[in-house]
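Structure, as structure tokens:
Each chain carries a letter (A, B, C and D) given by its place in the written order, and its residues are counted from 1.
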Amino acid sequence: MTFNLTLSGSDLLLMLPELLLTVWLCVVLIVDFAMPRLPKDRLAYLSVGGLAAVLLNLIWFDRADVTGTLFANMFVVDRLAVFFKIMIVAATILVVLISVDYVRKFRFFKGEYYFLVLMSALGMMFMASANDLLSVFITLEFSTFGFYVLVAYLRDDVASNEAGLKFFILGVFVAGVLAYGISLVFGETGKLVFSDIAAAQPTTGLVIGFLLIFAALGFKIGAVPFHSWIPDTYHGAPTPVTAFLSIAPKGAAFAILLRMFMVSLATLKPAWVLLLVGASILSMTYGNIVAIAQKNIKRLLAYSGIAQIGNILIGLAAGTKMGGDAILFYLLTYLFANLGAFAVVIAVGNLIQSDEIEDYSGLNRRSPFLAMAMLVFLLSLAGVPPLAGFIGKLYIFVAAINEGLYTLLIVGLINIVISMYYYLIVVKKMYINEPIDPSPLYVSAPMKAVIYVGLAGTLILGVYPRPFIDWAVSATLMFSQFAAPAASAVPPAVLPFGG
Amino acid sequence: MFELLVILIPVLPLAAVLLNGLLGSRYSHDIAHRLGWGSVGLSFLCAVGIFVETLRTGVAREVVAYRWIFGGDLTVNLAFLVDPLTCIMMLVVTGVGFLIHLYSVGYMHGEEGFTRFFTYMNLFMVSMLLLVMGSNYLVLFIGWEGVGLCSYLLIGYYYDRVSAAKAATKAFVVNRIGDAGFLLAIFLIFVNFKTLDYTQVFAQASQLSTGMATAIALCLLIGAVGKSAQIPLYTWLPDAMEGPTPVSALIHAATMVTAGVYMIVRNHVLYDMAPVALTTVAWVGGLTALFAATIGLVQTDIKRVLAYSTVSQLGYMFLACGIGAYTAAIFHLMTHAFFKALLFLSAGSVIHALSGEQDIRNMGGLRSKIPWTHALFLVGTLAIAGIFPLAGFWSKDEIMAHAFTHGQYVLYAMAAIGAFLTAFYMFRLTYLTFYGRSRLDHHVAEHVHESPAVMIGPLVVLAVLSVIGGFPGVPPESGWFHHFLHPVTVAAGGGEEHGAGFGLVATLMVVATAIALLGWGLAHYLYSVRTEAADNLAARAPGAYRTLLNKYYVDELYDFLFVEPAKRLGVVWDWFDRTVIDGIVLGVGRLTQSGSAGSTWIEKHAIYGLINVVGYANHLAARSWRRLQSGKVHHYAAIIVAGLFILVHLILVWWSGSSGIGVASR
Amino acid sequence: MVPFFFVYFSLVSIVAGVLTIAFRNPVHCGLALLTLLLHVAGLFVLLNAEFLFAVQIIVYAGAILVLYLFVLMLLNLKTEERYLHARYAVILFAAAGICGELLLLVLRSPFGGLKGDAPAEAVLKDGASYAIGIKMFSDYLLPFEIVGVFLLGAIIGAIVLAKTPTTVDIEQSDR
Amino acid sequence: MVPLSAYVAVSAVLFATGLIGVLIRRNFIIVLMAVEIMLNAANINLVAFSYYLESMAGQIVALFVIAIAAGEAAVGLAIIIVVFRGRLSTNVDELNLLKW
């Protein structure tokens, strides 16, 4: 029992992005308090500046292939962590930008909004690096509690309060479940770090413990049957928070899920494939079918999000390196398409004060730009080529059939048809129905910027996905022991004709 | 140079799409339409260049634009395969497309959203070119989805029409059902071959088991049926006529709907290994050809008649594929593109002249007022009816002859009856539109005018093509066209036999001509000589007439089973009541009423019942499942607990049941 | 002696736990929860976890529970007639069944994890607080710091939600 | 000597109690208290394992669980106050504006 902490500067360098962000969120808070007369928009741009620095730092990590672990293997920086951190920070930047207009509607505490967003982002960055169960617990709660506040942020809005309270009650309930699950796993193994757990024999306690932990992560990503908070929370929350909630925490949770399933539970793969196949089928089917009946665009996107998570779980169910690549790539496509769609929802919501699908009637006449953007995002979510979502789905499905998961493939394909139906309802409203109020809509600059980024991402990932796929492939190198056996040698090309 | 030309073919329209789409509002309509048709025209020139080169060297070449997807063992390039089949398709698509673009300049003049129209049209050209040029299934699939999307956007072009909106959604969703089948086929191909390139797939195809080949071929067929509007997924095509007429001509007649035929011909190696699938293709085609033709007999909307004739003609192409006459299928595809584009565009010219009137009951006697349009339409009618020696004669005759010489007498009979009906309803259309007494509304009649040269010009070209378009395929089964396509459409093992003697071929030709003339004659008799006879006939068999007029009530059935219940928040009992009780009552009533058409109706009932019960179940599930989201937190927590409980048991039970890993316990 | 204390602490904990969710008056519930927390702290003592014993009493019983009671008083809730959900019995029995089975399943498990580096003697030599301190500031330094930031965020979040805005706040925010 | 399973049993019973409390109580302050019971159950487990497995990790995790519980209690009670201001009720059942 001796004190054995040695930390060098280069060790701390591994945490540079997190440290930067911590400093920066303190700066934002201090600036907010110290300069009460500062217009709050500036805080948004200040936050974006800090996040951009963090992003550059992370990109440098990625290019320079910085890896390492800290604190007895609890904090790990590898390509996977860096990939997810880049995703999270990018999502946060976009969310801050789409918040600018929305925050003006708040009556007070505008500055703290940005602080809390940065705070949640920090929690999620730690999540991406979490390599043991204690970190999982702490970072999960850390990143969630910021959302409790953000969801209930519209203090005078009954729906927002209600969403916040529902989210909170279920969130802490699941936190209790998670803590208990961690205690069981600890009791069975005596260890907390993922890689140490890997050697454990499967026992009832371990199985239940891991299922409880899976429940907590499933709650975070919104997989059926742990999805129940999603529609209400998405519906009631301020829309930028909904957008944030629909992307970043899911990405971070997938970082943990990947580590947990592919490292800790690698030897038990036959058992959890079944679990994930079930969760995936349920999520896709439930999300898509219930989405058909929705009248509110935020709820529609919430259910579509549940369905998309079902798609991503297919990749996890494949349980191979390729499945991992597919998840990473899919999350990227989902980031752009979903954030873009929410950006349009926010832009429209700010302008017409409504999120009902009915009020999207004739959007094309009022703002062709918004309608076109929404069309592209929805088609990408529906998986229409050559947009990003198509490549993502294709990749996931190929990963699944390489593992022989035909059931998942067929259910997934049927679900694509169903999902098309409700996306088309929105498209039809926008393009074909008559507007009730034909006055044109004008989109503000930060909003436009985010929508353009979303469009560019959706198109580029679809038309020229290779660099991103390469990136995803390199990020999951740690899972290469799961690589499928090399494909049989392809015979030389024979043209059917002459040559 | 060759590579550049190939890549330019789709890139040129794409550039026009980007320019018009992003900057279209900044410049005048003139620039927009010049970009639109200009880019397609240049693509056509490139295609001609490629065609000449391929003709000269006779070598199939693959042109890789760039590596598209690469990860794991999935490698797909954005690549184009240039072989005779592609050349023909490129020429048809860009050539006909170019003419239709030119025509649109006149037709769409002054419409709202002129630039948008050309943007979508060019996007359609890009998609269609990717579809026919792709060297692997994924590029084909992009084009496949792209044309579906453009069709959705263009059908819904007139957004003030409610029917247009419905038609657009219907088209897309029905297409998507087909696409799911197609995607499944793609995945099956990937599983079996670990590649999606045509050349590699076809080279390895012989290793496939018959069962797997049949499965793949049938899945592909589902896709083709959806796209090419065959039974049972054809309902979207006639509704798709809600779009502007050039769209109907381009998408729903000349190019997009032929994608299914192209796909089957492209994959004939797989089909040749699956006789069951081939037979299915043949029967689907034969039934569609006959079925759509009967509906076409009594339609009163000029565009709808043409739409059903398109469905019917596509049935011929499927029939040809099904009996192994792939070259004939492509030949008919080509000639059909010429005369159907001609017919649609002339119909558009009629509609244009009559300020939007589409009902043939309100036309008549237009021959003298719009002589050019009349002449052109007549050429198209002669071609589609199969009058010697126009284009349609050669291609249709070849299909029928092939069926006959290969012993498929039933299919031959269906095709022959279909041909008779085709001739009949096309001439009926012509007589009702251009001959006889004018039934025009006098406001309209005052403004009847011949279309401008920019519209008539392309029509003349198409008319010439409709006349001479059949000659590359002469003599049947051994013409130039067949030699050119021979390397693609003939499987490595066998070859198309040329067993039929000259005498038989000539006899069949005479029979075919006789059938067409008979149809013409009947139409002439009923609609020109004794104009009251047709009405009498209809009055004498009112049930049959009304059934046909209502398209066998398929759409009503669709509404009845799918749309109506979905609109009302029905409970299961209500649904049961409606579907089963009312269904039986109504079904019996209609059955007796429709007489001769009864058997077909039951078939439709069964198929559509199935599809729509699935669709309705979705709605029902949507409405009942959402009750799970009760809004109460403790219910949500209970769902989580219950889910967890089930998962724990699932895993533990599975675990204790499986060998290998046992759960240790004390 | 130890078994006796164990039985006492655990029985009272369980009874207090049941009462927490069974009492009608929220303040009584709070007091039952307090009882539970104190007795759980007693269990910690039996397990050589003096530091946690102190934390449990100071933080949990002293701070968190007081916060609960404070809020209860602040809201001045009247005791409700229906304090359970409609059809609670169904949920109760279903949940009790599920939990009973969970209990059986968990008890079947051996919990024979790998032994660590802190046997009872070593912990007792310098005291549990020392052992925790050493661990906390070496291996577990990072979570410790993260929780620091977490608590800062929690304070800000609670203020943002619950503070009655002064006119100054509103004025400031108008820009 | 008290066996480990005795602690596990106490913990499991408490966990079940808390879980049932979440499911059946209408007042959401009590629901939060029930969650505290669940967290305490986890803590008993962790400390017991820490003792029997001779590892400090369990106690440390328990400590962090307490810290997190403190933070969440603050945020949670703040949310409850906000909701109470809007509806003058602490009844979970009445929170069903958002559904379906």
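The criterion applied here is as follows: a contact is a pair of C-beta atoms (placed from the backbone, for glycine too) under 8 Å apart; a residue touches a chain by one contact, two chains touch by 3 or more.
The structure displayed is predicted, hence computed values, not measured ones.
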| item | value |
| --- | --- |
| Set of chains whose contacts include both chain D and chain B | A, C |
| Pair joined by the larger number of C-beta contacts - A-B, A-C | A-B |
| Chain occupying the middle, per Cα centroid | A |
| Computed distance of Cα centres, chain B from chain A, in Å | 40 |
| Chain centre separation in whole Å, for chain C relative to chain A (CA means) | 31 |
| Rounded Å distance between chain A and chain D, as computed from the means of their C-alpha atoms | 27 |
| Rounded Å distance between chain B and chain C, as computed from the means of their C-alpha atoms | 67 |
| Chain D residues counted as touching two or more neighbouring chains | 8, 15, 18-19, 22-24, 28, 31-32, 43, 48-49, 53, 55, 57, 60, 64, 68, 71-72, 75, 78-80, 82, 92-93, 95, 97-100 |
| Overlap residues in chain A, where contacts from two or more other chains coincide | 134, 138, 141, 145, 148-149, 152, 155, 165-166, 169, 173, 177, 184, 186-187, 190-191, 203-204, 208, 231-232, 293 |
| Shared-contact residues (touching 2 or more other chains) in chain B | 626, 629, 631, 633-634, 637-638, 641-642, 648, 652, 664-665 |
| Overall pattern in which the protein chains touch one another (line/ring/star/complete/other) | complete |
| Chain A-facing residues of chain D, complex | 8, 11, 15, 18-19, 22, 28, 31-32, 35, 38-39, 41-43, 45-46, 48-49, 53, 55, 57-58, 60-61, 64-65, 68, 71-72, 75-76, 78-80, 82-83, 85-87, 92, 95, 97-100 |
| Chain A contact footprint on chain C (complex, rising order) | 102, 105-106, 108-118, 122-123, 125-126, 130-131, 134, 137-143, 146-147, 149-150, 153-154, 156-161, 165, 168-170, 172-173, 175 |
| List of chain A residues in touch with chain D within their complex | 133-134, 137-138, 141, 145, 148-149, 152, 155-156, 158-159, 161-166, 168-169, 172-173, 175-177, 179-180, 182-184, 186-187, 190-192, 231-232, 235-236, 293 |
| Residues of chain B touching chain C in the complex | 634, 638, 641-642, 645, 648, 652, 664-666 |
| Touching residues (chain side chain A, partner chain B) in the complex | 165-166, 169-170, 173-174, 177, 201-204, 207-208, 211-212, 214-215, 219, 224-226, 228-229, 231-232, 268, 270-272, 274-275, 278, 286, 289-293, 321-322, 325-326, 329, 362, 364, 379, 384-386, 390-391, 394-395, 397-399, 401-402, 409-410, 413-414, 416-418, 420-421, 424, 428, 431-434, 464-466, 469-470, 472-473, 484, 486-488, 490-491, 493-499 |
